[in-house]
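So the structure is just underneath, and the comments pick up after that.
Lettered A, B, C and D in written order, each chain numbered from 1.
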Amino acid sequence: MANVSIIGGSGYGGGELLRLLLGHTQVIVQQVTSRSHVGEYVYQVHPNLRKQTQLKFCDPSTLQPVDILFLAQPHGQAQHHIEACTALAPKIIDLAADFRLRDASTYEKWYGQNHAAPEWLRKFVYGLPELHRAELTKADYVSGVGCNATAANLALMPLVKAELLDLSQPILIEIKVGSSESGAEGNPGSHHAERANVIRTFSAFGHRHTAEVVQEMGIKDITLTMTAVDLVRGALATAHAQVKQGIKIKDLWKAYRAAANENPFIRVVREQRGIYRVPEPKILAGTNYADLGFDLDETSGHVVSMCAIDNLMKGAAGSAVQCMNLMMGWEEKTGLEFAGLHPN
Amino acid sequence: MANVSIIGGSGYGGGELLRLLLGHTQVIVQQVTSRSHVGEYVYQVHPNLRKQTQLKFCDPSTLQPVDILFLAQPHGQAQHHIEACTALAPKIIDLAADFRLRDASTYEKWYGQNHAAPEWLRKFVYGLPELHRAELTKADYVSGVGCNATAANLALMPLVKAELLDLSQPILIEIKVGSSESGAEGNPGSHHAERANVIRTFSAFGHRHTAEVVQEMGIKDITLTMTAVDLVRGALATAHAQVKQGIKIKDLWKAYRAAANENPFIRVVREQRGIYRVPEPKILAGTNYADLGFDLDETSGHVVSMCAIDNLMKGAAGSAVQCMNLMMGWEEKTGLEFAGLHPN
Amino acid sequence: MANVSIIGGSGYGGGELLRLLLGHTQVIVQQVTSRSHVGEYVYQVHPNLRKQTQLKFCDPSTLQPVDILFLAQPHGQAQHHIEACTALAPKIIDLAADFRLRDASTYEKWYGQNHAAPEWLRKFVYGLPELHRAELTKADYVSGVGCNATAANLALMPLVKAELLDLSQPILIEIKVGSSESGAEGNPGSHHAERANVIRTFSAFGHRHTAEVVQEMGIKDITLTMTAVDLVRGALATAHAQVKQGIKIKDLWKAYRAAANENPFIRVVREQRGIYRVPEPKILAGTNYADLGFDLDETSGHVVSMCAIDNLMKGAAGSAVQCMNLMMGWEEKTGLEFAGLHPN
Amino acid sequence: MANVSIIGGSGYGGGELLRLLLGHTQVIVQQVTSRSHVGEYVYQVHPNLRKQTQLKFCDPSTLQPVDILFLAQPHGQAQHHIEACTALAPKIIDLAADFRLRDASTYEKWYGQNHAAPEWLRKFVYGLPELHRAELTKADYVSGVGCNATAANLALMPLVKAELLDLSQPILIEIKVGSSESGAEGNPGSHHAERANVIRTFSAFGHRHTAEVVQEMGIKDITLTMTAVDLVRGALATAHAQVKQGIKIKDLWKAYRAAANENPFIRVVREQRGIYRVPEPKILAGTNYADLGFDLDETSGHVVSMCAIDNLMKGAAGSAVQCMNLMMGWEEKTGLEFAGLHPN
């Protein structure tokens, strides 16, 4: 049994992480911090944890050494105290954006400020097991993933890995997302009366997660367009690209099946009948699955690749736990067995 | 044509009022105030008014005399400057709770503070035309109505008016409401990720609107229990009461039909087939209708009376405009012709 | 390890049951029947089970003997072949309404037809562990529970058990429910464009589940009033009753805390701050919890007791698995560990 | 006053049309047909029309001559009896797809069957006033518009009209739609428990409305990708295209402002602050507006153009009434004055 603690446990990502760790057979949660909720039971903030734990939020200054330390703070904080964190634990997994990009200048370009600990960027492995499984088994420091970046990266992965894409053509990824993406802190636009019933293309260009897709796919010309819809959990990436001449649907089947065979949380959804013929976040709430689907216009070579995830799971806490399993040599799916609900 | 202005036009009630007045054939909107939005186009706050008006929010200190002044501020403000308001206009309609109760001690009991202008309470008429039509035609000062109080009052009205109720028995009114009820200002509980998918009985007893129902129905033993559900606009009151011995369904039909005949915005919904057999706020968004329905257990005498409304219309701005029409001698339905949408 | 099969696995209850049994450490699912889906993978109907199982639906005629047989057919079928079922398995759990009522004439009154196997009614134990735990440990035949009956029964249970109620007064239970309650078969009123955004009091009196509440609580004067709201999973019962003279809030705390202490899936939710102060089905999707809350007007004695559940879990498949655990002498919570999601 | 009748009034398009015509100052609705609802009050199917009209559905065989005949039947019917219709009225507006395409072979390609009245295709004007206003003022026969085609056409219109696009590059239009698009007839996938909470890319390529966009824009390489989201009314088209070299944001402003100036129902939404910065169908329910917005990456020339509409209004019945106004020489906005609701 390994001891784990969480810095920043009152947000949605931290809450999901805590839920997963409390149900994980290999770890014991020692401490969870939250400056604004010190002394409160964690179930007062995360009501689903009532009768699951009697843990209370503690002040970060009281943290004791553990085997694995999770950082689940808002973006931009971890980089300022990463040294102190490494003194507390030999293994660190950060869910925020602080250590996702390998290059300090890229970070500055997308986040509009200098990175406070650029020397640490190279020490972190990007925490998406489907892309970095081997490295993760040897990693001490692992970054989290952007939820939208994950949907985009996994939509493209089978095509990129099998070298099916014509990379001279731009890639456009339309991502539709639920309201939990924007975090637990509300704003005028997240007020229910304003946020319900929306189809709101809030970012046509320039979403920060683009940097992670460009980095991980090794492709420059990628656009992410973001649209908020009426849903709490879930993201769907619909990626549009061009395949190389002569590529057929059977080539895509092969590439996608390979992805599903090699990765326990990848499934291919491409049915000819029934209600659920394509990937849908609706049935993924609480699961770590990434469901992939595709369609190809064989004449034009236009391929549409879809990836559905739960943004708080595969797009955040779920992938973090999956990384922990790999880092610790545990079975990759441990603690991530929930199958999801139908209907939901 | 009458000149009208609105004090406090940036909230949901004020916005709806402005929409109605802009479409009203008998009035010209002169000024709309909002301290926090001075100088902004009203359509920047109420995006549905784009291309409907070029009005900008102005500071209250710039208000000019008009024929009719609407007050649409948060509760508790109008009572502090009601004298100044009367200097600006001979006719005043207040949408807030300040002048709904006729008795200062009742106000203090329910609102927990002394009333700042108790002598004005008697000068206002309670602005529900279905209860006070005759008085309203002669009124200069009219209070608005509580949205939940309106659903409750209209659910009870046919039964009370026809003297069908056994008043020795308590009356229980379960009200289910959408998120626009809590106003345009958000709070942690109104954050979409927290507010979506709720069935939240946030008030078992003691909702302030109870005072308006007790006052208007003249019945003491009334309880309002409030449950928030996932909807933006709409409220449904399901009232449970006891009828006098021997009362039959045909007696209720008579009472409800009379209500519908006497009131242009009351409809009775009690169908044996089709999808819409009972009153539903779903189809009332934007309309001034109050749809009534009922069921009676003839053996036990337990009657269930339902009233569905759009809380921002019949429960706020719609009734206010209806009052204005009566006060000014205009056709009662003027400006309130919208039929509502199906489906919606 | 015990072998189990399910008759009727294509509905929502059957699907949830299958999900739970696939994740249960003590059982192996042998067969799942569905006449209309013979030969299809179960994940084609329940897409959440993709990569969880390669089971296909089979014809009921192919059923082999097992240790435990679950019946998850529509109401009214099991009573016609219960003898044949007992030949297949020594232990049977029926999720439908066929064997919930102990009295054939009560069945006829509420279901409008004679019972086809009245002699079997006495052989079944009502499958709500919170009411019949001891009997269930010795039972061979267990009926399921009505979802609304369960919300109602558990809302009343602490009050009834502690003998706090004035039973001379009627009990009124307002239940708000999501769309999964009406099952997997659509109808005109369940079409999304008609069913979304509803607050629809579809049954003022006479809901069939009333019979289960009357039977289990041993109280005659109980009314269930049903309102559909916009949600997929979840039910909230808000029960209104009268306590005996002199009963105080502290007496209720004692009764509710006892219920939570004695039952692993009962929690009391009654907070003074935070967003989640009362029981809410929102956070219970996929869990077997029943969250209870209450409020009391000490002056009048009017008590409001709330129970929130996931209608497909605690109200159906979850309670069925909990019953199986008790019948088989397994740990009561086995296979029901999912904590639920926040936010959701 | 003109006399009008509707063939096929029980669907969503027909219902909206009826609502608009009942509120129109220049017409009197004579008859509304529905084979399956003969003899029923129209408000039994369209509950929003209760107390608006005492009309009953009649059999098509009883139709009397009128000035204007609307056809609101399911696709594929009008072409079989168009001659008979012209004998009933000198002016015909068809809301279905039967006469939208000018070319019979194009119809066959997209609809998979021969057209039953190909000689009539050239006699109809495509009923989108923003594209064919002058022709419509002289037209006798007008086709309706596809809702998704309308969102797509209006998103592209300002760019095409001002000749800003590099037409050598493909155009990709991602359209997100609510559930009312699929009509009043349910199917397994429209069942609320399955349809709620979806982000379902149900058509990657090949949606039939593509043909209308290709025809009306005169551009060949256009793809429509369709995604269903949780909403009843509304569609948002997010169009991705390439502008000619050197085109700047100010050029787009000019093109979009011109569109808004020339068309009473076009608005440009591109705000730097507030909640509503981009076009959103949320606030358009019940209105005939098409809200347009855009963003341009001046470096790459990638333009994103958005169009939000109510699919049943601007995308169906609203445009049909607007066409009628033009055909009859009435003020273009007559009967279409509803401003929409905020919040909604």
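Just so we're on the same page, a contact is a pair of C-beta atoms (placed from the backbone, for glycine too) under 8 Å apart; a residue touches a chain by one contact, two chains touch by 3 or more.
Computed from a predicted structure; not experimentally measured.
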Worksheet item: Using each chain's Cα centroid, which is most distant from the centroid of subunit A?
Response: B
Worksheet, complete the sentence: Between C-D and A-D, more contacting C-beta pairs sit at A-D
Item to complete: Could you put a whole-Å number on the gap between the CA centroids of subunit A and subunit D?
Response: 38
Worksheet item: Where the CA atoms of subunit B average out and where those of subunit D average out, how many Å apart are those spots?
Response: 35
Practice prompt. Go ahead and note the Å separation of the Cα centroids belonging to subunit C and subunit D.
Written response: 45
Discussion item. By the touch rule stated above, which residues of subunit C touch at least two different other chains?
Written reply: 12, 180, 184, 188, 193, 196-197, 230, 232, 275, 280, 343-344
Discussion item. Per the contact definition, I'd like the list of subunit B residues that touch subunit A in the complex.
Written reply: 12, 178-180, 184, 186-188, 190-193, 195-197, 230, 232
Practice prompt. Can you check the complex and tell me which residues of subunit C touch subunit B?
Written response: 170, 172, 174, 176, 188-189, 193-194, 196-202, 204-205, 221, 223, 225, 227, 229-231, 234-236, 238, 240, 275, 277-278, 280-282, 293, 295, 297, 300, 302, 304, 306, 308, 343-344
Worksheet item: Across the complex, what residues on subunit A touch subunit C?
Response: 12, 15-16, 19, 22-23, 44-52, 180, 184, 232-233, 260, 267, 269, 271, 273-276, 280, 283, 285-287, 289, 291, 337-344
